[in-house]
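Structures are listed in the sections that come next.
Below, chain A partners chain B and then partners chain C, in two separate complexes.
== the complex of A and B ==
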């Protein structure tokens, strides 16, 4: 079962991991909205590291407002993110 | 392999990587050639154009395509299973008020089987870094001027999904057959940097 539902607000973890990751730098630490779950896929970070049995996680399409990412622009950017790349945003915005 | 590459910086990097892998004995040149040939067999934007033409003429197919593209592709004799693993395809539909454009900011992920080999600009750092930040300006440079009130979504293929744009059907094509419609669809239209 997917942990996040469509419409939910999430934040991309502000990580800077050693080695391969599929978290684009421009969304790290930013808030977005879950569009949909794409199903479960092997975690690319562990595949790239040669882990014999990489974790499999839900991957989500997450939409970001350009204004949130760049401070300008009226468009939207969607990024595909494995579940461990994101965390829930609390109701109080924390 | 080098004969098939262009002189772009990305191609130069790929050439160096190939040379290192062959030198280290990880792969043989013939294996690389075979893998590339298998991947490119039948890979053409003609496939994407056929999908679009069917969607323009068959509302049921269009609906199924947008809901679950992988399940709908066999209806036109295509699939996403040509590579190492079956990739998920998401088709995004342009309308009178919305426009979609594709990019992979991490590298150059792209549905090669349906769109053919990607254009060199798709892999350029300029396109990848700019289209997520100022898509309207980038599209204008491609000759696509969108009305100010058109909502733009940029789709960054950062995981395993691949994307294809379903362009808007041009006006004055009511009597066109499916093959005639398919002939109107360009690779740029399927990426979202042109109208069709």
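== the complex of A and C ==
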């Protein structure tokens, strides 16, 4: 069961994990919009660390405004992100 | 910490060179490295994500100086050595 729905606003957690991760540095801490869920996949971070039974999570395609990421550009950038990489943005924008 | 591979959106690397009619490999050894990695992943010697991690663990100066498939070979050697499957020489 996917936690986030298409159109929801989310923020990428501003983490900087020690090992392998699939969160590009350029989206950390940034807000985006859920486009769609791509199904459940084993968490790459745990697979890379050799965890015997890595957890599986929904993976979402998240769209970001290029101008938010780099200060310019009228296009969107989409990145596929595991659920634990992102959090819901509150109604008050916090 | 962010690793040397994570350069998305970073300037200073120059334009991407788009090669017309680019072949899958530019030398036979590259095809062998590609095949070797596929066999090792499919036989469960290591996972694809462990391979990616091994590429990213390269020393930054070595990573930046290496070609794409040189990084692959470095990662394969790293993982086989760590599993005791590859010795010196």
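Note that in this section the second predicted complex is superposed on the first by the 94 of 94 C-alpha atoms of A that agree within 3 Å, B and C clash if a C-alpha of one lies under 4 Å from a C-alpha of the other, contacts with A are read in each partner's own complex, and residues count from 1 in each chain.
The working rule: contacts are C-beta pairs under 8 Å (C-beta built on N, C-alpha and C of every residue); 3 or more make two chains touch, one makes a residue touch a chain.
Remember, predicted model here, so these are calculated numbers, not experimental data.
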item: Touching partner for A:24 - first (chain B), second (chain C), both, neither; value: both
item: Contacts of A:50 with chain B and chain C, given as first, second, both or neither; value: second
item: A:7 touches, of chain B and chain C: first, second, both or neither?; value: neither
item: Which superposed partner A:81 touches (first chain B, second chain C, both, neither); value: first
item: Chain B or chain C, by number of chain A residues touched; value: B
item: Which of chain B and chain C A:59 touches, first, second, both or neither; value: first
item: Chain B versus chain C as contact partner of A:73, first or second or both or neither; value: first
item: Contacts of A:39 with chain B and chain C, given as first, second, both or neither; value: first
item: Chain B and chain C footprints on chain A, overlapping residues; value: 24, 26, 44, 69-70
item: In the complex with chain A, residue positions of chain B that touch it; value: 88, 90, 105-106, 132-136, 151-161
item: Complex interface listing, chain C residues touching chain A; value: 1-2, 6, 8-9, 47-50, 52-53, 56
item: Chain C partner contacts - residues on chain A that touch it in the complex; value: 16, 18-20, 24-26, 44-45, 47-50, 69-70
item: Chain B partner contacts - residues on chain A that touch it in the complex; value: 22-24, 26, 38-39, 41, 44, 59, 61, 63, 66, 69-70, 73-82
